[in-house]
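Each in structure tokens, the structures are laid out below.
Across the two complexes that follow, chain A remains constant while its partner is chain B and subsequently chain C.
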Partner chain A sequence: MSAEVVVFDILSVIAVLAAIGVVLARNPVHSAASLVVTFVNLAAIYVMLRADFLAVVQVIVYTGAILVLVLFVIMLVHQEDLPEFHGGRPVQRAAGFILGLILLGEVAAAVLTRSASVPSGPWTPAAVQSAGGNVQALGQVLYSGYVLPIQATALVLLVATVGALVLARPDLPRLRSARRETSTISLGHPRGTDVEPQPTALPAVSASQVKPETGERELVMAKSGDEFVDHPVWGERREP
Partner chain B sequence: MTHLTADHFLLLSAALFIVGMVGVLTRRNVLVIFMCVELMLNAVNVSFIGFAWEQNSMVGQTFALFVVAVAAAEAVVGLGIIMALSRRVDTVDIDQVRELRE
Partner chain C sequence: MLSAYVSSYILAVIVLIILLTMMAYMTYFERKVLAVMQDRIGPNRTGPFGLLQPLADGVKLLQKEDIVPQAADKRMFLIAPLVSFVLAPVAAAVIPFGNTIHVFGYPVHLYVADINVAVLYVLAIGSMGVYGIILGGYASGNRYSLLGGLRSAAQVVSYEITLGLSLVGVFILSGSLSLVQILHQQQQALSFGALQVPNWYILSQPLAFVIFLIAAVAETNRAPFDLPEAETELIAGFHTEYSGFRFSFYFLAEYINMIIVSLMASTLFLGGIDGPIASGVWWLLIKAGVFLLFYVWLRATLPRFRYDQLMGLAWKVLLPLAVVNIALTGLIRLWGLGLL
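And then the complex of A and B:
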């Protein structure tokens, strides 16, 4: 076994164990910490694969940006003690694990039996070296053949930013007050008891009672609280 | 397997992807499901870069870069949805979010 294989084995075993930790941890914060371990190990594996730029991008974008965002949201949303995983839903859990094992076996068989003869591309290590390094080579490929996808990616990021702003915006106060309705509190409702049914038509609001609009809604001056509601409070009779 | 081949990377990618998939299937916390989706995207990136390494090509790395960009956009929108969801129903339990079904 060459040293490369030993290093790769160590890195990949740590990455997979941390990934299992993401799934098994009860606390989402522990999941996020395990995810950091996985991502950093994957960045090291990218370095082994001569993808230096992507290793840097992995650390900056994933562990730097996305996981910080995830931690912020974990602390913002209300976490209750979920009856997760360690109790309840045994059928779903067993089905998930069995499906996973079957799929792993299938993919492993497919990988181990594939034909190894592949055509070699133009970017041999010598060619990458003569272009000036991994970043330069990636830039040459990216900005010669993939100009339109880069601009589409820029559009995707812009739309995602606007969408996140729309989703995370709190409700406007105007919408909230429009949803509120007139309600009355009555301890004993007269309908259905020995009291005769009350007239359902509400008295009209005279113009002298309405004050001009001060805030968002009009103000109506009333002598008592149930002057404009369907049914008066218990014990009072409205004269017809 | 005494030398490093693309098979190593493909097996690692498969293992990470399946761990993420099992997490999506079995967990109930929306945030953990989200993290498992990120894990699956990273597994695909490992495959891309492993193939690019094997074939001396740059196309795999280019695709992996686009996957990272789309994952960033997905993270932003997904976390926005989680925020709106927790403000609306005050839970992160995926089993209690069934407004569209009822």
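And then the complex of A and C:
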């Protein structure tokens, strides 16, 4: 067994174990952390296949950007507040099981029909070397044979970007001039401005509504910070 | 073949040791420079001129109790600082520290690895390192820490885009993503009549250099962009709950990242080991030192940004400028090749 096979075995075993961890973890943040491990091991396998560029892009795009944003959202959600993160609806579980089996069958079919019997393509290591390297070879292929798919992908991404802009646009643009212009992007305020709409003036209080000042006031002693609120303080254990 | 591997490993160990020593003395350097700028004396008690201060700090932090809060996600809490610390020095592997030299007849390259995607590799390592901060902030079971982690996530994702796009101009001019290739390109001299100018990319890409510098400060969570650990609003952000050596792992990862970003900036824009006389690794160190001084100077000078200003700066100012820079560089490149 060559050293390459040993390294591949180690990487793939860790990747599969981490992938199982993604599914089995009770805490969604743990799932995301396992997914990070899977992605990094996958990138390492790409490096073994001499696809350096693909490996680095895999880490930058999936691990560095998409998963960070996913974590960003699920970190804000209480684990207990997630509706039926595990189990629950039998139809969904059955559908998931069947779809998983179909996917497994597809992968098995792809591996069994493809492996070892297919002649190697034009991009041998020598050809990649003569093109100037992995990045250059990929660039030549992408921008000669696959120009149309690349432009179609770019268009789809552009549409998605425009969609994000539309969603993040402050609503009721005609009211904006009445507010203070802030021209800032604020994550704390998803509508993009940091000023609340001005409340209308409260009705005047009549003399009968005002309680006379007695000097006595009901004293409320709280045993803990969340005794009088519905939700516990974040991070404190809730008794089951 | 085998000798190349062996020399790579030896060099990797040497680079790691030097980096860890530099990191320790970076803390001393920062405290001393800050002290001078604020008209104080700074550390001067431990050893001559306080030179043993980093050592004393390390020993002190090792003796501290390693506290894990009850509300913490224990396993994650213990692992998260290690993620930051382990990933930080890995990026130094692709930085060239000199030209090829010959030792006992064997050619020895003064870089650990010359991979074809070196610059992207550094960016990838940087984007992985932020997981230590995000997961640490989450696992602390503290709202301030969680907010620090969230800020870090948003900040790093935004500034990584700017950082990557600012480098595209350099890639267009050099035609390579390999730091060794980029360095070779910069070692050629340009001559305008009698004037000899080195082909450093700071001269042809000044806008990209400024954008890179700003984005790098944000990427390393340094003042004035140190929002994730803003002590005035978030206590200490993601590392509020950390104590002892786990706290110092975050601290040290930040300093290693600063050193690596300085080395990267020197290599990408200032010709790295290239210098007017006697090219060598000392030029790289001098240039990186200037950048580190700049970092400390920034911290001493500028107040912290407001959070929405930080995001606005990234998305509304730096990103459009970086795109304009790419378009201009591409046009000039086409014109230079005679294709326009």
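Rule of thumb we're sticking to: the second predicted complex is superposed on the first by the 123 of 240 C-alpha atoms of A that agree within 3 Å, B and C clash if a C-alpha of one lies under 4 Å from a C-alpha of the other, contacts with A are read in each partner's own complex, and residues count from 1 in each chain.
Simple rule for what comes next: contacts are C-beta pairs under 8 Å (C-beta built on N, C-alpha and C of every residue); 3 or more make two chains touch, one makes a residue touch a chain.
Quick caveat: nothing in here was measured; it's all calculated off a predicted structure.
Judged by the touch definition given at the top, the superposed model places A:Val36 against chain C, while chain B stays out of reach. When both complexes are overlaid on chain A, the residue A:Phe53 reaches chain B and chain C alike.
Contacts of A:Ala65 after superposition: both chain B and chain C are touched.
With both structures placed on the common chain, the touch criterion links A:Ile45 to chain B but leaves chain C unconnected. Of the two partner chains placed around the shared chain by superposition, chain B is the only one that A:Val141 touches, whereas chain C remains out of contact. In the overlay built on the shared chain, the residue A:Gly133 is in contact with chain C alone; chain B does not reach it.
In the superposition on chain A, contact is made by A:Leu76 with both chain B and chain C. Once the two complexes are laid over each other on the shared chain, residue contacts for A:Leu99 go to chain B alone; chain C is not touched. A count of residues in chain A touched by chain B and by chain C gives the higher number to B. Comparing the two complexes, residues 53, 57, 65, 69, 76 of chain A contact chain B in one case and chain C in the other. Per the touch definition, chain A reaches chain B in the complex via residues 1-2, 4-5, 8, 12, 15-16, 19-20, 22-23, 25, 28, 31-32, 35, 38-39, 42, 45-46, 48-51, 53-54, 57-58, 61-62, 65-66, 69-70, 73-74, 76-80, 82, 84-85, 89, 92-93, 95-97, 99-100, 103-104, 107-108, 111-112, 114, 116, 118-125, 127, 137-138, 140-142, 146, 149, 153, 156-157, 159-161, 163-164, 166-168, 170. Chain B makes touch with chain A in their complex at residues 1-5, 7-12, 14-16, 18-23, 25-29, 31-32, 34-36, 38-39, 42, 45-46, 49-50, 52-59, 61-62, 64-66, 68-77, 79-84, 86-87, 90-93. Interface residues of chain C, counted against chain A in their complex, comprise 70-71, 73, 76, 115-117, 120-121, 123-124, 126-128, 130-131, 134-135, 138, 140-143, 146, 149-150, 153-154, 156-157, 160, 164, 176-178, 307-309, 311-312, 315-316.
Across the interface of their complex, chain C is touched by residues 27, 29-30, 33, 36, 40, 52-53, 56-57, 59-60, 63-65, 68-69, 71-72, 75-76, 133-135, 182-188, 194, 234-237 of chain A.
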